[in-house]
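The data blocks that follow each hold one structure.
There are two complexes below, and they share chain A, which is joined by chain B in the first and by chain C in the second.
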Partner chain A sequence: MSYYFTILSPTDTPIFNIAFGTSKGGGDGIARFRFPDTAQYMNQFIIHSSLDIVEEAQWTNGGMYLKHIDTYPPAAAYISAFLTPSGARFLLLHQPPQLPSGSSSGLGSSSLLGSSASTTRASSSSVAANPTSPQTEEAVRQFMNEVYESYVKTSMSPFYKQGMEIKSPVFRTKVTGAGKKWL
Partner chain B sequence: MAAPPRHSSMMSTSNAGTLQSSTTDRQQAPQQLPTPQPTQGLRVPSNRKTIYDRHLNRSRNAESSRASFAYLFGEMVTYAQRRVTGIQDLEKRLNEQGYPLGLRLLDLLFYRSTSTSSSALSSSSTSSSPPNRPLRIITLLHLIHGPLWRLLFQRSADALEHSVSPDTPNEYMITDNDPLVNTYISVPREMNMLNCAAFVAGIIEGVCDGCGFEAKVSAHNQPTEMWPSRTVFLVRFGDSVMEREKVLERNGVK
Partner chain C sequence: MTSPGDGTPVKPPPSFSPGPARATSKSRYPDGQEVTHSIDAELAEARSPSSPTPLSATTAELPIRSASPHARSVRSSTPQLARSSLGSPFDGRFDGSEDIRSLIIRAFSPTVTVHASEDTDELVRNKGFRGGFCELIRPFGETVPGKVIIRDSVGSSRAWEDYGVRFVDLKGFGRSPPGRDSARDSPLAQIEEVLEKQLNSAEGPIGSSVPSKDVLGFPATTPLCKLFLRQLLSSTSAAPHETFGHPVASVITISSRNPAPLETLRQLYAESNTGDKRLPEWVNQEYLRYYVLIHDEERDDITESTKLYDQMKRHFGLHCHLLRLRSSQCVVTDDDSVQVPQCEWLSPQRTVIRETLVDLGTDDTPYLFDSDATAIRSFIRELIVQSVIPFMENRVAVWNDQVASRRRGISGRFMSMSRRWAGFGSGSRSGIGGSSGSGSGNYDSDQHFYSPDSPEAILRKMADFAVMLRDWKLSASTYEMIRSDFGNDKAWKYHAAAHEMCAVSTLLNPMAMSAKIKLESVDQMFETACYSYLTRCSDPTHALRCLALAVELLKSRGGSATESAARWAMRVMDFGLVGSVGQILFMERVAACYASKTPAGGAKWGARRRKAGMWSLFAADQWLKLGKPNLASACVEEAERLYGEVLETDGIFPMPEMQTFVDNLRHAVKVEYLEARGFDARDEPATEDPLDTEETSEKLEKIDKRNHRRSLIGLPGQLDAGNLKMTATVRDSENSPNDDFERA
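== the complex of A and B ==
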């Protein structure tokens, strides 16, 4: 699995971004997105497009963790959301690894739409890489809670104003650590 | 304890003397410190503990001294009073000082109630399940009236009312009979409209805004025989909030 995690301020400013890969099952923690050449901006694009759904779900579900809320099949991207009470959004994009059977024949971004819908279905059959399984939901929840703790600590700092970018390298290590631990 | 005698000796010396001694202290300090690790210019405290290493629940039951709070708050009022045009302006500044505090307290409040299952936010929720974000006005006001007030002042607020007037259904009132912030504030006669609890009103406003309930909050004096410093916090929600409230009610969201 490859992950892209972002924190958005209540006014939709991205205040923290990180991309990482799984560390479970012998993973080395390096993100390997399916379309590495476009991943950098596509991930942001996909994550931000899920905001509409977050804002809809926000008023029907009172929980902080909104679970898996959006899927973008062409990139097999699954998005889970966590809302802090003060309105910051934690969004996690996860992309299960491409199965070896799922055509490694150089998927250009042009043929992006056609062939990857089938790989989504194929990968969802294997539990380990199934992004909507209860185990995955639970792992993401734990990850979110751990990040939330660090976020609260950041926001309690008198030098931090809401909506400011989080630049602390310690915060980054904490998020990486949480990712290693749970995802 | 070595501090008090040293302090008294410093008191006896002249002002310049204390200044010198403090500077020499500072010069000595780096020599005692272990060499900091080379992390891209990041400066870590000498005990290597950043704010991320400290537990948020450690100060959970710790109270700060009332005297120091009164002193600090007095200074805040004095600070806000500089170059103000009138009472309203002063109250606005106090409100602005409280606002960011409200946003922070909100996150802290939820963090503390999720991490410890014993004292859940609302009395009805079962233990261990995390508390919900308030979606309706009433839940939000209960959050302010109960948990927030307890976090700040160690007790609940005294009353929570809805405006009876049909013209102003968006107005709610939270009453505190004896606000802590006003205990040591004596307002001059010519400024008797001033209520320094505008600071607390700012905190409430921050909490409402943080939860997505756009609101204006103001503090008003309403003394009674028994409670001379009784304060009413008037919470006025915006139109968008009232509109959403209607939709949520129709959908049966609690």
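== the complex of A and C ==
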């Protein structure tokens, strides 16, 4: 499973980005997305497009953690979202690893979308393999809460103004730590 | 700007006219931030200072050819492309989803076979129609002039403007063309071939196009997409598992030249019934026979013909017609010549052949005398209104009474149950009762069809008749009733087709449902149909048809259905059912589906602009890879329009890598577009400052990605972008030594 975590300011500007892989089940914590190296913009496109759903879900969902809200089927990318009181939004894109048999796509399937075979998920209940299982939802919630805590502390820094990019290495370490711990 | 994408029935203005497009792009970028302006505006601006060519000349060569009064054929009227004015003479009657709906409705039209005597075909061949009588009347059958009134099963009637039938020649019926198995000749490959031909033929020296937009600026369905859908819907030949291709009626024709008219008619009838022209055994033989006498106005005596016609009426009853035609060939220069309309519903195979003929320049679309055309039209109207429709209504009523109501369990209400349906109760019931195995025994599992008089086949036929009569309530309930039976019999093709049509009827029925539960069941039906077609029958053509119908009909439903429409379109791409052009068309459909989702009741949220914009950009990227910069340019413009509502500043994306991608795409589109038009793209934009900056940054990007992003962020256009807070953020990120954007 590969993750791409973004904090968006209320004006949709990214103020923090990190990509990491799973550390569970022998993972080495390095992100391996399905897009070719030349198409890493896909993560941002998918995140950006899921803002449509966030805008809708934030009115219909009571909690701060909106759970899994959106999917991008061609690349099997799943988006979970978390709202903060300041209007910043945490978006986590998670993508299960490419299955070895995953080249069923036909003649014209574009390299842009990555090859798919997304629907055949391993039946394992581990966080890494099943992005919509309750276990994953719970793990993401824990991750989001932990990040939120660090985010609040970081944004209380006297040198930080709202909407600025977060450059604090401490914050980055904490997010990485939370990712290692939960995802 | 709140009505759904293609909802307005307004004829779009001629596209690609530089006027409105440029006006909007200007107004969007008031102070020289020409980052995102449309290609043609750019072109015009770039040309006017650099070359002495006046602007009017530039506009003159823009391809607004569709307005040409001498629209000979579809092809010749639109040599440029494709998108703005391709298609049938019926395009433009409706716009957007109404149009698509009408297309889908008309795709399920009754089939009428034509069985003409030798002397008739001879007469018609003299008129210049090599294919005989069927070829002569076929184009006219696709639209019946005037309103056709149809009564549904509950007795209420409704008038339809766009009714039509398909005429097919009995000689070619049910015999699949040879060599169908090879991959190249599969309908899907042919559809792809047709699309590519269309694209290439449209690729003139100034090949350019923009999807037509209606007044509100929403994109109408692209003609290319309509062409694809029409080809797909006409690609399926007659098959046992659905009866749309089976004849509802047969037109038996003789001419006044015939020496022994009544005997010939009898012989033709016998031929079609028992002889060597007999239909395959899975076709119900119980269809209407219609007898036509063609009177040769130039050689024969009308009194003789009238006498013969009266005799025919005495022998064969009311289903007769006297058609008066002139036997000499009509040429363009004749006073009252009219052009024979184009056939709208040709199978992909026939279309490929026709396109080839056009390419070779041997496609001489024949002409007819006005009087002949009028006579044929009134003949077809009479045939349909007075014979075919009443016959179908009658059959539906009878079957509904005798078979369907029995099946519905209200047995005993109708006493006169025919003997041959006696096996029904025990037969298919046992399948449901769980005796599993080979089910009812009505299904011939060796030859894979039900015999046409088994109750399952009759119910299927009744439901198909109901669809053709546009009584979707009845058809949906009938399909609903029989679809599980087919599953029990393991008649997988029937199973898939019944599920498909059940979902289609439910969606076509204007009354039914808006509730979410209903949508889920429709989705479920499409899922089952698609699984049965693909996995159990390996029939990609039907599977693709099913999914394409799902996309279009769900999209036209609006609301939350559009999201499932988009999902189905993605499934099509995922399954790899379509070729490279088809893939892009479906990308555009995904974008269109999302774009047609509008905010719920005045709220700001609920639209899917970002998603739509994203898919449009991807489609543009793919068009570019196929070497179609004009289409790519159209997609980019479309994406900009969609993103316009959600971005803080026009054309400036908050995410750096997105920005890079979009900038590169715009640049590449521009370069290829200009190259396609014979410009040297390199030195062209040197006239304008902001463009120059952009150009430089593009070049830098090729050398050093890191460097480029800096330079991009530092773009002058972005710095004075108004939003101070945002600018501050951006500048900060520029100074940042460990910029995460690059690592991501």
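In the analysis below, the second predicted complex is superposed on the first by the 157 of 183 C-alpha atoms of A that agree within 3 Å, B and C clash if a C-alpha of one lies under 4 Å from a C-alpha of the other, contacts with A are read in each partner's own complex, and residues count from 1 in each chain.
Keep in mind that, in the parts below, a contact is a pair of C-beta atoms (placed from the backbone, for glycine too) under 8 Å apart; a residue touches a chain by one contact, two chains touch by 3 or more.
On a predicted model such as this, the values are computed, not experimentally measured, just so you know.
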Should A:Ala19 be classified as contacting the first partner (chain B), the second (chain C), both, or neither?
second
Contact-wise, after the overlay, does A:Pro73 reach chain B, chain C, both or neither (first, second, both, neither)?
second
Now for A:Tyr41: first (chain B), second (chain C), both, or neither, which partner does it touch?
second
In the overlay, answer first, second, both or neither for which of chain B and chain C A:Phe171 touches.
first
First, second, both or neither for A:Ser49, with chain B first and chain C second
second
According to the stated criteria, A:Pro134 is in contact with first (chain B), second (chain C), both, or neither; which is it?
neither
In the superposed arrangement, does A:Trp59 touch chain B (first), chain C (second), both or neither?
both
Looking only at chain A, is it chain B or chain C that touches more of its residues?
C
Which superposed partner A:Pro85 touches (first chain B, second chain C, both, neither):
first
Return the residues of chain A at which the contacts from chain B and from chain C coincide.
58-59, 169
What part of chain B is in contact with chain A in the complex they form?
39-40, 42, 50-52, 54, 56, 100, 103-104, 106-111, 114-115, 130, 132-135, 210-212, 244, 248, 251, 253-254
Quick one: which bits of chain A touch chain C in the complex? Just the residue numbers, please.
4, 8-9, 11-19, 40-41, 43-52, 55-56, 58-59, 73-74, 104-110, 112-113, 116-119, 163-165, 167, 169, 172
Where on chain A is chain B touching in the complex?
10, 58-60, 62-65, 83-87, 145, 148-157, 161-162, 168-171, 174
Can you name the residues of chain C that touch chain A in the complex?
567, 570-571, 573-583, 603-611, 613-614, 617-618, 621-622, 625, 646, 648, 653-658, 660-661, 723, 725-726, 728-730, 732-733, 736, 738, 740-741, 743-744
